[in-house]
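Two complexes, one shared chain (chain A), two partners (chain B, chain C).
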Partner chain A sequence: MKQKKTSRRQFMKNAALMAGAGTIGIERSVANIEDANLPPSVPEWMKKMGRGVVTVPYGTPSPYEDKVIRRTVPWLTASPISSISFSPLHELKGIITPSALHFERYHAGVPEINPDEHRLMIHGLCENPLIFTMADLMRFPSVSEIRFIECPANGGMEWRGAQMEALQFTHGMVSCSEWTGVKLSVLLDEVGIKPEAKWLLAEGADGAAMGRSIPIEKALDDSIVAYAQNGEMIRPEQGYPVRLVNPGWEGNTSVKWLRRLELGDQPWHLREETSKYTDLMPDGSARRFTFVQEANSVITSVCPEKPLKHKGHHELEGIAWSGRGKISHVDVTFDGGVNWQQAKLKGLVLDKALTRFSFDWDWDGSPALLQARAVDETGYVQPTLGQLREVRGVNSIYHKNAIHTWQLFESGEVRNVQID
Partner chain B sequence: MCKLTESRLIFLLLISMVATVCKAAPDKYSIGSSATAEQISGWDIDVRPDGTGLPHGAGSVEDGELIYEEKCASCHGSFGEGMDRWPILAGGEDTLTDDRPEKTVGSYWPFVSTLWDYIHRAMPFLQPQSLVDNEVYALTAYILYLNDLVEDDFTLSRENFTTVKLPNEMAFVDDPRPDVENQRCMQNCRDPESIKITWDSTDLGVTPTEHLQPEAVEDNAVLAAGSPDSGEQTYRTACSVCHDAGAAGAPVAGDKSAWTARLEKGIDVLIEHAINGYQGELGYMPAKGGNPNLEDQQVQEAVDYMIKLVN
Partner chain C sequence: MKQKKTSRRQFMKNAALMAGAGTIGIERSVANIEDANLPPSVPEWMKKMGRGVVTVPYGTPSPYEDKVIRRTVPWLTASPISSISFSPLHELKGIITPSALHFERYHAGVPEINPDEHRLMIHGLCENPLIFTMADLMRFPSVSEIRFIECPANGGMEWRGAQMEALQFTHGMVSCSEWTGVKLSVLLDEVGIKPEAKWLLAEGADGAAMGRSIPIEKALDDSIVAYAQNGEMIRPEQGYPVRLVNPGWEGNTSVKWLRRLELGDQPWHLREETSKYTDLMPDGSARRFTFVQEANSVITSVCPEKPLKHKGHHELEGIAWSGRGKISHVDVTFDGGVNWQQAKLKGLVLDKALTRFSFDWDWDGSPALLQARAVDETGYVQPTLGQLREVRGVNSIYHKNAIHTWQLFESGEVRNVQID
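Entry: the complex of A and B
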């Protein structure tokens, strides 16, 4: 085991300040707590009136939650206009990502689109090319589906080794929303696809006119032309006023700010499906159209951002997801994969959605190597990083869905590590 | 014999009327307007490997070099070598099996059409869809030349487009996954003694971890206008994209010679250009650097900060 580097971690400074039986760390806010608001005193907010209705017409989180935000890693990209941010998975509960915390990925920034001036055009190999206004799209029967969207580069910084000291950066390119819109198959029926149409080009109305080729089978299966997210119109960051959602597939195919769908007899091989979003193998070959996001999972309640502060009971929690369907099992280990125990799946277990797992655990203060391992309904078992590397090497960037390891120290500190 | 009573007849009639009014989902909803040929041609910008979608036109390596130097080199480098973290366009031949492969147009991309299509739809960064078709042909030709794939007297046109092949075309294969098989072992799955920690994320120290510190102010947060360092903060988050390296003809921050002529226009003019955008002979300034959420005062403070660097 490597020597611990204690100096870099503020947690260790905190741990040094620890006091009292049962606790092994302190909350940064402990020092700021006013005794005057604690029992037996009556807290000050009970002695006056609060703000009235519509003081904040569109609600915002409590100011005490101001650390629950998206973050980026600035050195990853040349410019924030063409970059990525990460969801704060360590702070989230349940399976729905608040829209304002959904991870971001732009190729040319967020276009500011007037929905009245936005159009969706469907043309190419069809009988009746059509243009839809937003009002047109909303006249069609709608569906609402809870589906995850994950950037295929999620975790891609760690093919060679662990380098991100936070769950937000190791796994935060995945989010899950309830998407409402028209099934793409309904719109394709409306234009009348010709039998020779095998592919669909989806193109965005951003400054990159970001486009991807989608096989017609997917378009006719479960793709959604979505205009709402979690009950309200989609956020600008997520494609306002309308986006494609290709459930279970790499997020880049779920083209945002969707303006055009063209039916064709072959794929287009645009930049985002050749130069990028292709997987380079050790033999120099490159996989293209690697659409599915295979089963993945991570423990979120114990992670670098959430060191343990107490011995005793912990509800170990995390999220699992699979682009091939439902999660059937999640197992957890505390000894680096020697012995595994089945976690329970909590709440809704949905197709191609984040699924929350939980395991009741008594921590006795011992060091541990924590991992989670997801199994989906096809029987696919989430692989180890070693297994992935053996086939794909370390230069394929995308689709790293390996079992992830958190190293737990006696101090309660948690580190992102990789094990052999 | 069956004799329908009058009430039964009325009942059946009602049923059939209800069925007409409430009929199940139709084959078509007749929603939307027909897309005219003119509307389609304005939006149908894609180009395929077989040349489908290419407009008439042509452009030479020679013409491409001039446009490239003016509009592309500030990010991609004069030889396609890539400045900072902007994409490398040329070189990297035979590196795909190396430990550190260099994926460029010449070494990795499968089709010339991808290059034409992408330049046309998305480049130059900050001014997408501003190039005319012949300029796109010329730039495509020049980038092929930077990759030693055509000679310096080459002219690319719709007619000869599909004769140019990229060397890596045949290396692309379809998705074979699932390609890795793990077992759902539950007990004694491996020898505990064999477990070694091979990587510790804290060794490199490359994660932004300010937010994990108590009472931290995060680096990437834009400070409110009026706070002491907000000009520099705004510069770092919104302006440095171009003004660090001189992208899109931007005057490099701290480069006195680049700023002299501009300062002669007066600070108010510079601030006005920064807020509302400006197309000059030397470069293009998008309104608020492409960050419409910035307050005017934040932009002004960022301009003041840049001026301070050259005074």
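Entry: the complex of A and C
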């Protein structure tokens, strides 16, 4: 029997004692419980029958959770059809993003595709070009892997200065799912690629025919032609009935509504790899084909949407991810990077997946500058904003994986600020 | 460059050649593509704009997936309120069950609970009884773990003979989610349990006040007071806003809408552990408090809902799980248990989680008796139906984890049959 009072428990008590009126104390006496509408008093919902089984054959969240939704920023793009929605990271737990809350990005809206009429063609520099139905694709041996997808523009509004007063908007274009499908290497084996094939064009069946050029090495490594997400068929906005998943790479390369893969000997220089998804450098040149989403992290339990309501114990939580592999460790700082302390990695630590970290923290009520810094298994260390700007300037709207700062005030409020 | 034709590839070719009219061949030539409405022809949905971003702030599946739902069997229980819905296992991929398709079982319907008014009381044989708000619970350090939950009545209609012509009904009361919450041991440490406390009463806030007695050893081991499932707050039918999760144990003990935990020195002998959730043995005695869901498995890619449409290559797939720990291996047979071959475990193999297995199979069109047999890391081997009936008789409706048989006919149709 464990009966010792831990120091954490003492934290909680102190927190409750220190907390001002209207804040939440962690401990309540059960003495005088008759005075309140609390257990063992019986609440209203125990006095009647609830709704019956399969009243909702496909379930939905509680109506009390109706604020936990994807959101967009109207001024970000010219049209609400070709735009972005952001995942509510401040409300999410664990590492699986509910499919219903996965961020969205598309260029001509979400097509409504009849899976029986959809085809995937693989052609170009191969021996045996083929057209696959969905039933064909689903006959091949499948894999299921938990992987993040991140838009390379995640945080892109922040290159020149802090703009967005919400975690949902600063980092909400990263999500993580269990993806199921056929390894692309299996399909390429089926068509028999020619030695001169070095690149692959992936094209979507949306009105934009969104396309990207993928090096053949990636296609033969870990790319998945995926038809399921988190156990069920992919949702329309995620590419129903089939999409490419390039683990760890720019989300834009994981082409949705995949209809065509063409093998070629050079990249196609499409709109999305020339005008867009390139980094304009200070000297006027452009970085191109920078596919990997490098290590990134952010604190999620303290953020503009989640101000602190009391002093004392807090489990500081956040997420980290790297397109190069597993997260090896995460450090946190409360003084804007002067002193760092190692956070704990929680739960599953998977290759190219969101990884949750935490740090048991006792807030004394002082102002603070909170940051997290991720390191991946290749030894890559998430850079400071200054380091990133020194190399890349401020013209890009992509690949901003700099250490992020939350400024905490004595009031418990949190603001998005930048420290070089 | 991989260009060799694998034997699997040859399987596919043979399958396509062997398949009769109307069946699906895996390979199609792209010659004469102008003749068909196939790529590179442009389908209708590429010629217009799709729906805009966050038109659906909380996403939903494609309308083409509207048959992938939970289902119930009207005659199973006296009332559709106190009943069961089954998860569509034949349509699910990977190991995560979408929350919207998690099986349901409840005894007085789904209460609609306001989380701000919900409380969890912990009292009885402890030093410091406490009442927690949801905000209190969410301040404690959390854990996130992928665990299955299975109703102990899963397959219970089949003790006396095969009845249900659908995988969804024979095995659809097992699901697997990433659960997030506070370890119960942390909360028990907070209240300070007394040495004489040996059992814990868990009570739900539904109209049935559904309750179970839990040994204190389990509570101090791996039980979770969970508020999130697959990244978001638990759905109403899964216990919103908070439930108990006892990994690997009878789903019934993972009390939903958790409102009260009482520490005592003996079990409470409640309805759900006397009249129900006990096994009536051949001698008239009852097995009680048989908490662990023992190793089980079933083939999911060939089942009554998924008849075979062609000869040749198939990836035989299924799921296995054990309440004692990890699955160590799974064997499959095509002749009703005479010859066994080892299947491959796919993807993550986690403690007390669904584990997916597969076997590359070349069907020659003959009738077959398909079975899977799971072994867990403790060495426990899933029993035959005969072995289980020899020990337990046929009076129970619980804890039927026997090897399951699908009878495959030459037509490709599949029936649910029993082999002792």
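The rule is short, and it goes like this: the second predicted complex is superposed on the first by the 380 of 420 C-alpha atoms of A that agree within 3 Å, B and C clash if a C-alpha of one lies under 4 Å from a C-alpha of the other, contacts with A are read in each partner's own complex, and residues count from 1 in each chain.
To be clear about the criterion, a contact is a pair of C-beta atoms (placed from the backbone, for glycine too) under 8 Å apart; a residue touches a chain by one contact, two chains touch by 3 or more.
Since we're looking at a predicted model, the values are computed, not measured.
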Partner chain(s) touched by A:268 [first = chain B, second = chain C, both, neither]: first
Partner chain(s) touched by A:115 [first = chain B, second = chain C, both, neither]: second
First, second, both or neither for A:164, with chain B first and chain C second: first
First, second, both or neither for A:363, with chain B first and chain C second: neither
Touched partner set for A:420, first chain B, second chain C, both or neither: first
Touching partner for A:47 - first (chain B), second (chain C), both, neither: second
Chain B versus chain C as contact partner of A:190, first or second or both or neither: both
First, second, both or neither for A:260, with chain B first and chain C second: both
Contact residues of chain A, present in both the chain B and the chain C interface: 1-2, 5, 8-9, 28, 71-72, 79-82, 108-109, 112, 121, 123, 128-132, 136, 139-141, 189-190, 207, 209, 259-260
Touch list for chain A against partner chain B, complex: 1-2, 5, 8-11, 14, 28, 67, 71-75, 77-82, 107-109, 112, 121-123, 128-132, 136, 139-141, 161-166, 169, 186, 189-190, 201, 203, 207-211, 259-260, 262, 264, 266, 268-271, 274-275, 278, 280, 282-292, 294, 304-305, 329, 331, 335-342, 369, 373, 375, 380-384, 387-388, 390-392, 395, 399, 407, 415-420
Residue ranges of chain B in contact with chain A within the complex: 25, 27-29, 31-35, 39-40, 43-50, 75, 84-86, 96-97, 101, 103, 105, 108-111, 113-114, 117-118, 121-122, 125, 128-129, 168, 171-192, 194-209, 211-215, 218-220, 237-238, 241, 290, 292
